[in-house]
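Order as written gives the chain letters A, B, C and D; numbering starts at 1 within each chain.
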Amino acid sequence: MVVVMRERATEVQVDAVIARLIELGMDVHRSSGATRTVLGVVGAHKVEKELIELLDGVHEVLRITEPYKRASRTFHPEDSVVMVGDVRIGGDEVIVMAGPCSAETEEQCQASAAAVKRAGAKVLRGGAFKPRSSPYSFQGHGEKGLQMLRHAADAHNLKLISEVMDISQIGLIDKYCDIFQVGARNMQNYTLIRELGHARKPVLLKRGISATIEEWLLSAEYILAGGNNDVILCERGIRTFETATRNTFDISAIPVIKKLSHLPIVADPSHGAGRRDMVAQLARAAVAAGADGLIIEVHNDPDHALSDGAQSMFPDQFERLMAELRIIAPAIGRSICLESSARRGWAR
Amino acid sequence: MVVVMRERATEVQVDAVIARLIELGMDVHRSSGATRTVLGVVGAHKVEKELIELLDGVHEVLRITEPYKRASRTFHPEDSVVMVGDVRIGGDEVIVMAGPCSAETEEQCQASAAAVKRAGAKVLRGGAFKPRSSPYSFQGHGEKGLQMLRHAADAHNLKLISEVMDISQIGLIDKYCDIFQVGARNMQNYTLIRELGHARKPVLLKRGISATIEEWLLSAEYILAGGNNDVILCERGIRTFETATRNTFDISAIPVIKKLSHLPIVADPSHGAGRRDMVAQLARAAVAAGADGLIIEVHNDPDHALSDGAQSMFPDQFERLMAELRIIAPAIGRSICLESSARRGWAR
Amino acid sequence: MVVVMRERATEVQVDAVIARLIELGMDVHRSSGATRTVLGVVGAHKVEKELIELLDGVHEVLRITEPYKRASRTFHPEDSVVMVGDVRIGGDEVIVMAGPCSAETEEQCQASAAAVKRAGAKVLRGGAFKPRSSPYSFQGHGEKGLQMLRHAADAHNLKLISEVMDISQIGLIDKYCDIFQVGARNMQNYTLIRELGHARKPVLLKRGISATIEEWLLSAEYILAGGNNDVILCERGIRTFETATRNTFDISAIPVIKKLSHLPIVADPSHGAGRRDMVAQLARAAVAAGADGLIIEVHNDPDHALSDGAQSMFPDQFERLMAELRIIAPAIGRSICLESSARRGWAR
Amino acid sequence: MVVVMRERATEVQVDAVIARLIELGMDVHRSSGATRTVLGVVGAHKVEKELIELLDGVHEVLRITEPYKRASRTFHPEDSVVMVGDVRIGGDEVIVMAGPCSAETEEQCQASAAAVKRAGAKVLRGGAFKPRSSPYSFQGHGEKGLQMLRHAADAHNLKLISEVMDISQIGLIDKYCDIFQVGARNMQNYTLIRELGHARKPVLLKRGISATIEEWLLSAEYILAGGNNDVILCERGIRTFETATRNTFDISAIPVIKKLSHLPIVADPSHGAGRRDMVAQLARAAVAAGADGLIIEVHNDPDHALSDGAQSMFPDQFERLMAELRIIAPAIGRSICLESSARRGWAR
């Protein structure tokens, strides 16, 4: 067994780990380099890896991974808060982003924005470019879609997030939106994410469906390395053998990210579930597990949506969910859109 | 079963497939559209999907799932409630089972039982047989361990659940425990689960780490088919490519099971997380997602536990978790061990 | 699409589902058996499976696969042969492409080309753009690298294949190479593959590490739909729970593709294995399973390669492998570069 | 990076690894314990893990796994050969075991045995106990089935292998068979495998569908630890996200096992493929990759088999496959059943 101490581990911590290992009957060979201490551990029996990993000052046991630095909590112990105007992602308040899969008409954007605002969302979501696996499906309205979404967001005092799929679209998204969304398929599109490292707006980075958490953080590192510190991670499900759901929502990713990184993490229960009647359960679970926010598909008329209708919630379902979340959040010292109803009352 | 013929399948090929299906004792309903022919196939017994796929002109064979009947919500629309004495699993109250991985000493059992009872658990969990992947690890105390656990459960007015691994252990577990626990590795041990179908105590059936939800329900069907209606399902994580956690806790399994089956489902966040500092997050998520209960490893002194120490909670961590769960449960119309403190106050 | 109603679905529910499908523009064929009703659904466009599954009384919706047409063997029963000058990929001869991971120097390119030509390769492989998961690794020589590779290919009468990662690189790759290579990460980069549909050179399309075979063929369909008929598929391993190898080489993909599609399929045992000492075994296996070709990393000095050194073969290992393949290929009526040595002897 | 040298690594090897690391610009901290040397490696840039793993004397890099000893090649560098009478499994000859999924009638056993013997098989395979996922399927003939198989094996001078599923069946299988087969679901049934450690006949241990190679070797260790040295490993496919095949046959497992262990490994292409028309491709691939043998389902009349008909080969398909294998095996210095036809001719 090889125990790797943190780079900032104190002498007291190193001694405690060694003492614990000796107590467990192990022989320890200490090797202290310029930057950190590594312990080679030998013994007649097996010691649970996780038992040592839980000790203070231990970075990890056996595998030395973590090629990321800026995304790592080791070098940035406090939680990062990403500011989108006056909306704080990563703070005490759990931020909900909601809206239709794609912008279809001005009316649909306005109606959807009104509905999600009423329920307490702070950010409007919606897509303008929809290149999908079949070459013949609806491909989005492009700039016209972005305009509709911006109008709707402004009319309801919401921030706006939309997906960017190619470096050629960066200028356009930047012109209309407050947050760049990078989809699961582009998590390792280095041309794109490197360019977003130079953007001056936050980036929401979805996890690829077959990406490990380590690879995901390394993609975040690419953006951070370019000078853009405002990265928001987003879990949306991974591909596994189970076919009862479209993807397997990896709820554990939330506490794992909280441990490894200082970046905020939000959850996308809509893509995680793939169907409307399971979105609320996953959304509640994500908040209970510690997510800093949610991004949810809500459509004013999902049965006639041009894309993702099955996983879009009805406005009243979304409102009920928000009410449930307001009960759950305080269990872990968080709140959900506290000011929202107050502000609504005041505005009227 | 539905047989989809190729777009260019000939009439001769269609006829040959129908003839073969009839020879196998099936009823066939033919439906010929503009581009292809589809055959609906129904019969009293199962035909291998691949046997038909090999026939000329067949594009693919689609299986209609749900070979289970007794476990299905279709034929039993109301939620089942499993009674363990006066403890109701599957009702409004979320039931928490907690205790050490394995029975080590009388003192440890008593201390652990006292701790979990104080926090609101209704059932004591603990293992007596521990055959593990390494032949040299602690293998459990057997009957002596069961006695210790029973003493501890009785002393604190708790029900007792313990794992049964082999038909030879059924009598012993039955003598001391209130619920049989079937571990993930035995989910498809048909010799064992068929026998438990004849037992007169509830069975908690853990999902295998590579079992689909359909296979899991089919194993439940085995037990139900034997006459034992008291099956409790337990999600504990599946194997995926992600290595940041020991398993990937499949939170979606909870709403999926609720949709497909009437059986109660509980979650095992300890095995799902594999490490103590992520158990609370998964436990909260499971309750928020609609789980009927939890089974959690709690040890009075986890750092010196003989097994699973890394994933066992400290008593005070567990108590904090229970307080959080009491806030979350009402969000979905559930409660957590409401009577517990009352009864404790009354008993004293 | 096939809609399977629940066993107890009411007539009203069945009618409602049919009405909804017709509203969505589909043709419906109803087939009512003794226990349940099955609806065969055909239409010009795709309807989300989940949208129908959410309707009352629906048990499940089964998708008929094969949304691809041009890639399907159904409509093109004979094997396609892709011509690269006089090199025929998909014919009786198993074509081997080999060379270094990336172009480093003129000498290295020349030495590697000489080595692979001597052993019987017909195509030189090599990369010029290497954006990798770590932002600080060697990123490739760009156009200068392509020039080196072209010189080396020409000097040894080899065709040239190199990876294209972005539409901005298409012109450059087209200028120097004979085949465009699309990497696993770009298999679903629709902007790129749609553009390659208009290219006039063959495209080798690697399978994404988490792509199903159906998704892979659908990506091929994108290219074919653009008018480029020369698509070569390439299996290189998928992501699974097994960590003993970097990826799990899916040997079954070879016979599955041969059954479903007329397109040639080659194997990349280098990325499949991830380490030099397992490349030969996978290469032999792929040929024995029916692959039309191989693409292998060979470096004149792998221990000092700037990238992928561990999985690059030594020239003498590669030569030994080619000798083994010449024995294996005839077992399935194929040959390996029979003319190569003959032509070399004759030319001199 | 942490480099773990082999326990028997020489001083020369250790020095060479250190020299290589320094050449790569790394700082190395050597820690030599009583049994082995561990190198802590620090440097400014990343060195490919596999590059070091390929060096002589290196056991592995980073992860210290290998809880198995007896199964490890480290402590037993030469290949083990398992003797079944005069049949040598693990030697130069590739041994083929073939026969029906289950024993149905005397005639079927005799006809199947005659067919596989004629083609060159050395061992008859067949099941007598068939507890399957559905409680209503054909469950096997038990002892009567074993008798039929034994008669057929004896009549054709074949050895016999049959599956044991429970310790209660060990005596019966022992009475009739030459090799115990442990199925994928029982790979971690420790009660069973521990007992087989005391048996005096070889055990063929199938890999579980979700078992890592390390777990598989650990299960082999259980049997070896009991004193039974005759363990044969058998790869039969793992569970992944791909659904085009029932399982994903892990061809890489063959070279990985050859590297890690001295035990013979055979392949089961029938379960790996799940359908007859892909068995030959996987069988050829397995032999080309270095498998020591094959176990294949062959039925004299597969269309009317009571179980696994779709994956059972016809006798003539099997005969053609054997002819192909005889061409492939010499490519890697192996033979297939050379003496078989000779001996048959001679015996008559």
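The rule is simple: a residue touches a chain if its C-beta (ideal position, glycine included) is under 8 Å from a C-beta of that chain, and two chains touch if they have at least 3 such contacts.
This one's a predicted model, so the numbers in the text were calculated from it and none came from an experiment.
In terms of C-beta pairs in contact, the better-connected of the chain pairs A-B and A-D is A-B. Distance from the centre of chain C peaks at B, each centre being the average of the chain's Cα atoms. Look at where the CA atoms of chain A average out and do the same for chain B: the two points lie 29 Å apart. With centres defined as mean CA coordinates, chain C is found 40 Å away from chain B. For the pair chain A and chain D, the distance between mean C-alpha positions equals 43 Å. Along chain B, residues 134, 210, 239-241, 243 each make contact with two or more other chains.
On chain C, the positions that touch chain D within their shared complex are 134, 136-137, 210, 212-214, 238, 240-245, 248-256, 259, 272-278, 281-282, 284-290, 303, 308-311, 324-325, 327-328, 330-332. Partner chain D is touched in their complex by these residues of chain B: 45-46, 48-51, 53-54, 67, 131-135, 165-166, 185, 188-191, 194, 208-210, 215, 218, 221-222, 225, 239. On chain D, the positions that touch chain A within their shared complex are 1-2, 4, 27, 29, 31, 33-36, 38, 40, 42, 46, 62-64, 67, 239-241, 243.
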